[in-house]
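Should a chain be cited, it is by its letter among A, B and C, assigned in written order, with residues numbered from 1 in that chain.
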Amino acid sequence: MAKKNWFSLAILGLGGVAVVAIPPFLGGYFQHVLILIMMWITMATAWNLLGGYCGQVSFGHAVFFGLGAYGGGLLYLHWGISPWWGMITGPLLAVIIGIPIGLITFRLRGAYFALAMLALGETFRIVFTNWESVTAGAVGIITSRTWGAEKLPYYYIALAIAALSIYVAYRLIRSKYGYYFISIREDQDAAEGLGIPTTRYKLYALIPSAFFTGLAGAVFMNYIAYIEPHLVFNLSAISIMMILAVMMGGAGTLWGPVLGAAIYTILSEALRAAIGPISYLVFPVIACLIIMFLPDGIIGDWDKIRRVFSRKKPAYVGGE
Amino acid sequence: MAYLDLNHVVRRFGGLVAVNDITVGIEQGEIFGLIGPNGSGKTTLFNCINNYYPANSGEVVFKGIPITHKPTHEICQLGIGRTFQVVKPLRRMTVLENVMAGAFLRTDSVTKARDKAMEVLDFCELLHRKDMLAKDLPIADKKRMEIARSLAGEPELMLLDETAAGLNPKEIEAAMAIVKKIRDRGVTCFVVEHVMKFIMGISDRMMCINFGREIARGTPQEIASHLEVIKAYLGEEYAKGR
Amino acid sequence: MALFGQTLITGLLIGGIYAVIAIGMTLIMGVMKIINLVHGALMMVAMYVCLVLFQSFGLHPYIGMIPAMVILFLIGYFLQKYSIERVFGVETILPESQVLLTLAMALAITEIVRLIFTSDYQSTYTPFSAKCFYLGGMSISVPYLVSFGIAMAFVAALHIFLTRTDLGRSVVATAQDRDAATYMGVDAKRITNFTFGLGTALAAAGGALLLPIFYLFPDVWHPYLAKCFIITILGGMGSTVGALSGGLVLGIAETFGATYWSPGYRDVVGFIIFILVLLFLPGGLKRIIGR
């Protein structure tokens, strides 16, 4: 909640111009990575609303991603409707199912909420895998890409969605909602004592969180043109990595998830290119190290990081 | 019918009856003190009013409205504010933000909440701390902030739980002044306390409980010389000596 | 009717094996009050240790179990002492960092194992593995029966350990009230490290008992971790009796679900129980939920 200043606005402006103007000049692979970055930014920002700001750490956000993806996929599968409509139905499905999920799980606190969401994520994965008549099961759903091999349009859509998610987060955080979310995170009982209807506000955090995660899922559906339950309802690749991305950048900040998402995507692509399958090992190890040494992320633990690099010696306390 | 009515409130924890049939009426505009030895059920009683623990039987009525099993946040919205025995600061928010969190009860606008918070901080003489993180405050200021935070929600009745605990004599004096100021502002105060100087010095009427039951009621002077009170705090021999 | 009986007995037997693994987890949870999500992965490591012993020395898992337990005790001990302890009680914005750490460790360990052994399905198949005995129209798998027997032996041994030995009682004391135990001369830190090792060793035992029955691959632990957790919540955190009964209940419920509903939904039964228990089971759970 700091005052805006010249410098920040200039950086923001430059960044905005860069992400819009530069990509047409990049190769296909880089555009692909950028699309992934934008998707992960959306997901990380969304998760951060519920987890970082409101303190409800969900280990099962893949539920919303998967629902967002299948929102379009199912339309295509059963009625041949273009998955682009999924951009609306996907997030809506995520929210519609998210609300009863929240009403049930918000009774739980802390790690129990986290694990209940994990259980739900896995349950959805199993159900979507087995309910073949409705969801096509493990075979998945294949659609055709609207623009063939052309990546740029997908990029601008993903970019717009990422920007929208950041904007919505920004407006929410600066409003009464933001104050209430953080109050709930800091001390739920104190918050109740201040007249905050905590369950209702947790839902207010959940709705945009589910919506944007679902939207990212819908983008995924349209871009990759293939979804199956193990891919989109995945625990380690989606639910956990969302948390990792937010943690790396800094939970509970606006730009932390953006930074974390970018670093995560670039790092994972670079590692996969460089060392192949070992890269799957690297991320959990990085996660462990971050949790042990930089739990508040790059932005949150910025002071810690600065101290490591500063040359200042501690003042000498002479004598014994 | 009083401003706040507690009628035969009972609260059990398994086999232990923490609050055992308490009936009392708090009048509007007074400072009502509740004392009792450790474990006598004072904080539990507060928790029943607020519905952090629902009462097992009996009822709580505020301004004529039964609030016995209403959700805590609704009770707050109706006008009852609360501070906690063990302070609950919103640690990673600044003092100003903490108080704003309380102010948002009555407004949706960030600007109005901030203005209200500044006004309350000024009233509680905490303005100089407004940008400090709550977790970095010394205990006396944490307690003061909790009062301010609750006050920002414009309560009509405040439940003050052990406000003076852990404070040095100078801080106690300051806390007493604040509570009186709050009452003069029009807020009824129901105070639970251990520190005798604090509670005797500010209460209009008092009640003493032990083992969840009322043992004495009256003005501070009457309470101080009451046989049962002395017995409860100091034991049978001292009471006999009187 | 025979199907019913067979389902019931099979469920009971597998439930007993689940119980051993879950008791390990509930011990750890009782002492540390944290959710330990690396439990399953460590069980998997024990299974691979047994596999190697089987393939290199012909040691049947029931025997290889012993060295596996020792190795896993040490691994658990060191993980706790040098890594998990570090985030214990540290204040961070995301309050669940301990849980996340154990989960990240689990993923890391899984990938390490995958690099060494690949994702191929492995098994310790012997003629013994397929043996069944028949009782009034029901077919009961012998490995299930033997594993169950060994599991119950472990549970009994653990019970004696916790109630009759000083070390065991120190563990129970630390779980009940860390500070009080410290005042009575218990080194809570060392007990915590020890308990983590012990709990992990129990998971190792459970894994070894599962090896003759199921295929082994790096991700095999996912459903077992979930089951452990469900059992722990069902039975009550820190309660060994609870873990035993919870294990049996889950085993039976799951097997009925697999038989009468659909094999694919076996694990969903557990999740449903999990959610229901978290929401509706009062008593010991209320304290946990209110945390």
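Note that in this section a residue touches a chain if its C-beta (ideal position, glycine included) is under 8 Å from a C-beta of that chain, and two chains touch if they have at least 3 such contacts.
Here the structure is a predicted model, which means the values were calculated and not measured.
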Contact-graph distance - origin chain B, target chain C: 2
Pair of chains joined by more contacts [C-beta pairs], A-B or A-C: A-C
Centre-most chain [mean C-alpha coordinates]: A
Centroid distance [mean C-alpha coordinates] between chain C and chain B, Å: 47
Between chain A and chain C, centroid-to-centroid distance (C-alpha), Å: 32
Inter-chain centre distance, chain A versus chain B - centres from mean C-alpha coordinates, in Å: 42
Residue list for chain A, restricted to those that touch at least two other chains: 252
Multi-partner residues of chain C (at least 2 other chains): 93
Residue list for chain B, restricted to those that touch at least two other chains: 92
Of chain B, residues touching chain A in the complex: 50, 52, 71-74, 76-77, 81-82, 84, 88-93, 97, 100-102, 104-105, 108-110, 113, 149-150, 153
Complex interface listing, chain A residues touching chain B: 1, 174-176, 179-180, 182-183, 186-187, 189-198, 252
For the chain A and chain C complex, residues of the former touching the latter: 51-52, 55, 57, 59, 104, 107-112, 114-116, 119-120, 122-123, 126-127, 129-130, 235-236, 240, 243-244, 246-247, 250-252, 277-278, 280-281, 283-285, 287-288, 291-292, 295-296, 300
Chain A-touching residues of chain C, taken from the complex the two chains share: 34-35, 83, 86-87, 90, 92-97, 99-101, 103-108, 110-112, 114-115, 222, 226, 229, 233, 262, 264-265, 267-268, 271-272, 274-275, 278-279, 288-291
